[in-house]
Amino acid sequence: MISLIERLFPITRSITGDGVRETLSIINEHIPLVVHEVPSGTSVLDWTVPPEWNVGEAWIRDSSGRTVVDLVDSNLHLVSYSIPVHTNLPLDELQQHLHSLPDRPDLIPYRTSYYTETWGFCLSHRLRETLADGEYEVFIGSTLEPGSLTYAEHVVAGDSTGEIIVSSHVCHPSLANDNLSGVAVAVALAQRLASNTRGRLTTRFVFAPGTIGTITWLERNRDQIGRIQAGFTLVSLADGAPLTYKRTFDGRSVIDRAAALVLEESDVSHRFLDFYPYGYDERHYNSPGFRLPVGSFMRSVHGQTPEYHTSGDNLDLVDPAQLEEALDVLTRVIEVVDRNLTYVNQAPYGEPQLGKRGLYEAIGGKNIADLQLAMLWVLNLSDGEHDLLAIAERSDLPFDTVAEAADLLAETGLVQESVP
Amino acid sequence: MISLIERLFPITRSITGDGVRETLSIINEHIPLVVHEVPSGTSVLDWTVPPEWNVGEAWIRDSSGRTVVDLVDSNLHLVSYSIPVHTNLPLDELQQHLHSLPDRPDLIPYRTSYYTETWGFCLSHRLRETLADGEYEVFIGSTLEPGSLTYAEHVVAGDSTGEIIVSSHVCHPSLANDNLSGVAVAVALAQRLASNTRGRLTTRFVFAPGTIGTITWLERNRDQIGRIQAGFTLVSLADGAPLTYKRTFDGRSVIDRAAALVLEESDVSHRFLDFYPYGYDERHYNSPGFRLPVGSFMRSVHGQTPEYHTSGDNLDLVDPAQLEEALDVLTRVIEVVDRNLTYVNQAPYGEPQLGKRGLYEAIGGKNIADLQLAMLWVLNLSDGEHDLLAIAERSDLPFDTVAEAADLLAETGLVQESVP
Amino acid sequence: MISLIERLFPITRSITGDGVRETLSIINEHIPLVVHEVPSGTSVLDWTVPPEWNVGEAWIRDSSGRTVVDLVDSNLHLVSYSIPVHTNLPLDELQQHLHSLPDRPDLIPYRTSYYTETWGFCLSHRLRETLADGEYEVFIGSTLEPGSLTYAEHVVAGDSTGEIIVSSHVCHPSLANDNLSGVAVAVALAQRLASNTRGRLTTRFVFAPGTIGTITWLERNRDQIGRIQAGFTLVSLADGAPLTYKRTFDGRSVIDRAAALVLEESDVSHRFLDFYPYGYDERHYNSPGFRLPVGSFMRSVHGQTPEYHTSGDNLDLVDPAQLEEALDVLTRVIEVVDRNLTYVNQAPYGEPQLGKRGLYEAIGGKNIADLQLAMLWVLNLSDGEHDLLAIAERSDLPFDTVAEAADLLAETGLVQESVP
């Protein structure tokens, strides 16, 4: 995951353009992607795919001809989607196009202007304060032309048409935690799922630019979204904060309950956030027209660290152990969602005779083992209204024990999978 | 408010009679009232309007001819609705008609006997203990004759037929906190609402004798009560206790949520009580046949202070600052109820593009302002099931910010008011 | 209760056989029983009534002819349902048929093998460790033959066909707390109910072997169980632990709410357990096909004391005061369930005029008494959706006060019993 992040870090990405394509091309070296191109001007939900933006050189030179800000030094220097400019102007006019952070004077902020035609440069406040009065030459070698928006999908097929969505945004330039960490964990998760036993559910990975990319994906998959049984966005998984799960709008969907159970059964430092309609693409999945059960996994919360959306979000912030821990938890969450069937007890009147089916110890009178207790819970709660997660929650038994009990009971025909 | 209380304080009021009429006449000098007279004997719900009661002189004289108790000194001295009496009787027989408070020997209790024909005097226990054996002359110059029950209404009209009810009882004689304070705050609230911008809802003020007056009002307005969207009774608002809101039977109606939000957003010392079917006229509004969403605002709770229903509830107990604080809170509660619409998101698929409607900052990447966050909350929760109060509660944003966001979104057509 | 327990203690009971019959015969001396015999081989729900088991002698002798284990000393020495055996075998083979408790070396464990044909002896670990190498003679004079399973019922009739079930298992041999205490309390409860005023509900006492007996009862009463409005199993009521109520699957049924109210209104040390599908026969009553509202009363919880299912569960463990306390609570729980009607207010518009019906003090103005407050609560909550338990819970008034208020209101016709 680290090497993928390092390789993707220098690329100048935005919501459209060759930076996204190059990013997806590198991901494709690890997991096969289906790449989609959607022309500028296409209507997508309430939005329109914007012109494609690419940029070559971009710099500011002072009156002595010295380059004081250069895109080559950091792709955060240029406001994303800046229109092409080549002009001379005095410092006071230039200032209106500059962005810096007086409270964090060494950091370059990350700014965008996708839908309002303007231009600007971002720089450290310390550098900004050194700018002398006088004339400046500004050059932005960008193009804003009809082209396309690019996103990609990777599918790990399961036995049913039910789907889990894993969504990560690929539009941010040199910001490591937000969101190359999410991209890298998604790639590693896809690889791990592919190497595991084929699951019941299909897992669909979406790599798309934030907002407009997900909006486009939703527009083009409106007739498929009934398949989605669970999902999450992945973002900012590399820093030192506890693993954080943000709930779906519903708050009690399968993904919410699986995330709670897995994190609580684990010894991973973690916390939960209720849904709020801000943050990342989960806001679109959970919009009132869709209300898809898509939560979000993160560590630090957007906007709440000094490095957020600045040059401080660089490779130094990336902790490999944190990425691995997140990967393990996510793998387990998907396993639990996949395994979370609802059964119906076929002998619901009284407790059935487990002994004659070889499911009970011959000698009675002793205390009961967890697996046998789990069988009793599965039998009692398999009334068609409780899935295995609900049984694990109510019994306070480990999910795996409950699932193993269900398997044993299903083998003897005492319970059958509920067909919704 | 203080001067109104002082002017109303000396009047000998009961549930019928000239005391009520004089009280309503003085209120009418401040806000125009429609006064209703309902004849004795009229059936109202499970009750019957009683004979009208009026009283001139009432006193007890000892064997030496000295007046020991006189209605002129305090209109609490006479049990309300005492029948006319002129008789001589020994102390031990007189004792059966006397009421005092051994645990608060300096206070005269307030006692009534509206529906059982009897007579009695109330006096301080200290005075009662000085009564010497011997013959006493008792005179009660009361009349109990066919007449009418009097109540009044004042309306501050709004744009819709939906109504807020503000109800205060006007039957208590010289008791300042219970309930001249409620009457005075109601009058001031009506004046303030009239001076504000016309609201959506009509506010109807009911000034009626306790129980029988409200029962009569409910009987005569049975076909109108479907209009009532919220309401509250007002009582005992002048003392030093925290502002107290007693919930409706439902406990989660608009008035309950508005009262909770306003008090919690304020820095006013306050507390909440769950509904119980005792206290004041809210018990009738919340009876099972009506279940109207009518709460109650008070400070000290009836029956829980030593001054309750005694001569201790006098003008010394009235704190003008407490009346003003209550008035401010009530004004705000009515504003919130009035503003509490439910909207439906007209672009519910994904987050709509706020930028193209001028509702979003052009330069992205920064943290979000409360108003913009409120817009996202309104959009997400405007699924027809959440009113603005629900959005303020779930988002933990100030109600006004949420309402302003809804206004901005409604102006662009992104949300529309839900028509129930 | 103590003398009944002492008399039943020595009998060698199992799930079938003469031990059960003798036990029921002794109970029949105290309360009349209807005894049912169900032939071996009968299908009952998912089970089959097993062959009948009886035993005469059973012992182990060492090579010197000395009897080292003898059923005469404790009927726990023989694994229940051991097949007939007469053989000689070396110690190492014998060991495979022995059961002891290394962590409680002085106690003889209680073991059963009802449905797997085998044999075995239970003994203290201390005794087991003294067994020398060599040949042993083993004799088990048991019979396992077609016969019948025996259970019994006792009914305390009420005015309606609605029923309360009191269920206790009668299969354990010399174990005093589990479950002769439950049997003895059930017998005393039946006697007490018979001596009280006839109730609304019929109380049906079931004395049956654990699991197979209750399974048989359920099979044979499938068309009657709609009558069951509440119930509980009784077990382990003699020890020093707090009185413990284990809730039904539903958790909010009448018996759950009555048990909670009675225990909380009492000064009895107590605790509550949520339902779990293990323990005693409540698991069958609460199985998904039946979901009968049957809780369980106990003191120590099965499997959680060192004496559980060992020779330590003997007469020394029985505390008469604990039995009496349980009996008092159970009597009260049944009274509350029986009294828990739902009423409908016949004058639901406003508070009705209680005074004209003699239900209100003539002189008003004072604080209200609990009984009058209870009348207001009953009137307000008698909307057809609240039973008296719900009114007691919400009002925080004693149940008896609420019930007395309902009686007074019902006498005047202000409320009427709701017909479901």
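Labels for the chains are A, B and C, by order of writing; each one numbers its residues from 1.
Definition applied: contacts are C-beta pairs under 8 Å (C-beta built on N, C-alpha and C of every residue); 3 or more make two chains touch, one makes a residue touch a chain.
Keep in mind that what you see is a predicted model, and the values were worked out from it rather than measured.
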*asked:* Over half shared numbers or under half: where do the identical copies chain A and chain C land at their interface, same or different?
replied: different
*On Cα atoms, by how many degrees is chain A rotated relative to chain B, nearest 5?*
120
_Between chain A and chain C, centroid-to-centroid distance (C-alpha), Å_ = 54
*Could you check chain B for residues that touch two or more other chains and list them?*
none
*asked:* Show me the residue ranges of chain A that touch chain C in the complex, using the header's touch definition.
replied: 345, 347-353, 355-356, 362-368, 373, 376-377, 379-383, 395
*Could you please specify the touching residues of chain A with respect to chain B in the complex?*
45-47, 79, 99, 109-116, 118, 120, 211, 214-215, 218, 222, 249, 276-278, 283-284, 286-290, 303, 309
